[in-house]
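By letter and in written order, the chains are A, B and C; residue numbering begins at 1 in each of them.
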Amino acid sequence: MTPERDPPFRPMAVLLPLRPREPEPLPRVTTRHGLLFVTAVLLIATVAHAQAPDAPAAAPAAEALTQAPATALTVIIKWLPLLMKGFLFNILISVLAMALGTVAGLMLGLAQISQHRWLRQFAWVTTQFFRNAPWLVLLFFAMFMIPYQFTVFGYVIPFPDWVKAIIGFGLPVMANVAELLRGAIRSIPNGQWEAAESLAFSRNKTLWLIILPQCVKRMLPPWMNLYSLITMATVMANLVGVSEMLTLTAEVHAAEGGRPELLAPLYGFAMLCFFIYCWPIDRATQYLERRFHVKT
Amino acid sequence: MKAPIGAPAAAPWTPDQPIVSIRSVRKSFGALEVLKDVSFDVRKGEVVCIIGPSGSGKSTLIRCINALVPIDQGSILVENQEVNDPALDKLMLRRKVGMVFQQYNLFPHKTALQNVMMAPIQVLKQNKAEVEERARSLLAKVRLTGKENSYPGELSGGQQQRVAIARSLAMRPDIMLFDEVTAALDPETVKEVLVTIRELAEEGMTCILVTHEMKFAREIADHIYFTDRGVIVEHGPPEEFFANAKDERTRAFLGQIL
Amino acid sequence: MDLLAEWARSLYETTGINLSYIYDPWDRARFLSGLWMTIYLSVVGVIFSLIIGAVGAWAQSSPLAPVRWLVNAFVTFFRNTPPLVQILFFYFGLSPLLPRVEDPDGMMQPLLSSVQWAIIALSLFAGAFNIEIFRSGIEAVPNSTKEAGEALGYTRLGVYRHIVLPLALRVCLPALNNNLVNLLKVTSLAYAIAVPELLYVCKQIWTDRQNVPEMMITLLVVYVLLVGVLVWGMHRWERALAIPGYGQGGVR
């Protein structure tokens, strides 16, 4: 009996396989939790509602109407069309930023696996730079560093703030997509490259016909997650003067006499809008992740 | 060293009584009844092997003995103490009953020596120097001198399983449970684990084994129980059991295995 | 230091590149205090978010269903709403609902300052993600390993402390690493409630000095450096916790 003869490093059955690094762990939620959340929001609204009549000094104008001052709920209902318009603008920004960032990011990601050394290094530095900078700083960067108009061949192309905001949000999307693509390409087993090469595929053909199609599936869930994040980030445009939902929320608040107890429900409503939009995306991401995980 | 009896109500155990006494035990997982009225006794120093097709409730039965799985009905006495008692001091029970698992279940973030030392220090609050000395001698006993500072991931399956045996022995149990301890091992490392178990048995340790190693069971066991679909179909001393099994199911099983 | 200041000044005079925070003592003080505030927010936020994560992950395994729902609702809510609105909601929405306290000068002040609100909001936001990360780590520890601990006489808490947590921590370090980097980046949102952190002071400086491009580049470089330091530290920690024989090729 010679235990030393045993080869070490047997696979251990002690820890379950690690989850992959890219997909974020997602919560186990049911519709019940959504309901719970809605109740919580309503609760907050009711608190504000209950407090409203106690603050006549804060809203003498409303008091003069001889009725109870407008409650949070009635204010939100009254301004709903405007607020929803603002929200749709946020969605528009997010979709365009995502489209722009994805296209740029795919190019950057491909540059990272380029055979030209300098191109690869430039792409790597660019990716790291835009990936590690705060999104708000990048937004400021785009706002201040991009001129308000370009002149090309005598044509003046204006760059309004919201276009610059799209570019500002597109920058981090680009860096993250580039990183996703690189990770996905690296996760394809080497055997695939070798098999394609043995079948006389050129490097480009291998990449476009064999590797990249396999990457799509791996990239989809984290890409959706990124979209959800960028959608939630669009409210930052408010800080650089783009008139989106939060700006309108502040304006509505001012129009209703600026009562401080209205702020919680108004911001709560903004959160609700984003929640209703982002939560299904989150759930879908989670679903796809699980489905793909089983298959691969 | 005898562990003191925890529950004062229980009559003190004397060596002439069964050390483990199982009476009419029933256990279901949902609609699936895995144990249907199982009863048997184990005496001190006895080596008992439980064999049977997979899914026959062997592992569940052995897990019930140290209360890892609660039973639905019946009674399990360990040294006259009821295991199926909510007021039971589980720590007392687990000191008395050591268990070794199919998948070794070593703690991967601790070295072999630390794995053996953890429970005596953290659970029994024993003196560290004393525990370390004992742990080193236990590792020597299972022939792993020189592997004290290896992590489980650096050891072979057979080596890991022997660390797991040493880890259980460090608690100074009166009874050892072995749950298919060789099932996950490569054939060439099975032997070293079986040798360790046989040495333990020869020293007079009470052992209850669930195993698929028929040859080993025949060699080592004082008594063999054959279970199928939650009941004990047949039992007896090994010579008798293997030579002329009476029940049809037993013969079919042995026919497949041997 | 003087040499550096001299260089920055001559750089300004010769090229027009105005790094005022190097040669101007007032700007330098502002810049450093902003940098310090960003580091302070990050460190305190990391600590609180880790505590929230550990407690939340533990509560998620509670036998009481309402406790689990509450934790799940908390996580779902904070993951799916914009962090900026969370901060604004806390600072503008909740702060007025709290009582005011008298400061030493006899003035009525809000109970919590904007810095404190920023820490609360950021910790809750990052904590919600940490709960998920810790949970996935805890789930990666198989039942059989917990069972082995139980068979050795450990209590439920003992198993959690000595066996599950050390293992779970190692499993979830890469994801935790990502989230803490994200927390550091998100501290810039405190700008919105006038917390004088790095972005805020840089904006003050570029408003005064009209040196937007210089400050922009500086900001990006400083943040990338800060993230670099954090990532480097986390990787060292990861390596220190690595178990020989386990996880080769598993984590990356």
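What we mean here is this: contacts are C-beta pairs under 8 Å (C-beta built on N, C-alpha and C of every residue); 3 or more make two chains touch, one makes a residue touch a chain.
As the structure is a prediction and not an experimental result, all values here were calculated from the model.
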item: Selected interface, A-C versus B-C, where C-beta contact pairs are more numerous; value: A-C
item: Farthest chain relative to subunit A (centres taken as mean CA coordinates); value: B
item: Most centrally placed chain, judged by C-alpha centres; value: C
item: Where subunit A and subunit B are represented by their mean Cα positions, the distance between them in whole Å; value: 54
item: Whole-Å gap separating subunit B and subunit C, where each centre is the average of the chain's CA atoms; value: 48
item: Whole-Å gap separating subunit A and subunit C, where each centre is the average of the chain's CA atoms; value: 18
item: Numbers and ranges of subunit C residues touching at least 2 other chains; value: 144-145, 167, 245-247
item: Per-residue overlap in subunit B, given as positions that touch at least 2 other chains; value: 103, 105-108, 150, 152-155
item: Residue numbers of subunit A (touch at least two other chains); value: 8-9, 12-15
item: Of subunit C, residues touching subunit A in the complex; value: 69-70, 72-73, 75-77, 79-86, 88-89, 92-94, 96-97, 129, 132-133, 135-136, 139-142, 144-145, 167, 171, 174-175, 178, 181, 185-189, 191-192, 199, 203, 212-213, 216, 219-220, 223-224, 227-228, 245-248, 250-252
item: Touching residues on subunit C, where the partner in the complex is subunit B; value: 144-145, 147-155, 158, 162-163, 166-167, 170, 243-247
item: Partner subunit C, residues of subunit B touching it in the complex; value: 66, 68, 90-91, 94-95, 98-99, 101, 103, 105-109, 118-119, 122-124, 150-155, 164, 167-168, 171
item: Touch list for subunit A against partner subunit C, complex; value: 8-9, 12-19, 21, 24-29, 32-34, 36-37, 40, 47, 51, 128-129, 132-138, 140-141, 144-145, 228, 232-236, 238-239, 246, 260-261, 263-268, 270-271, 274-275, 278-279, 282
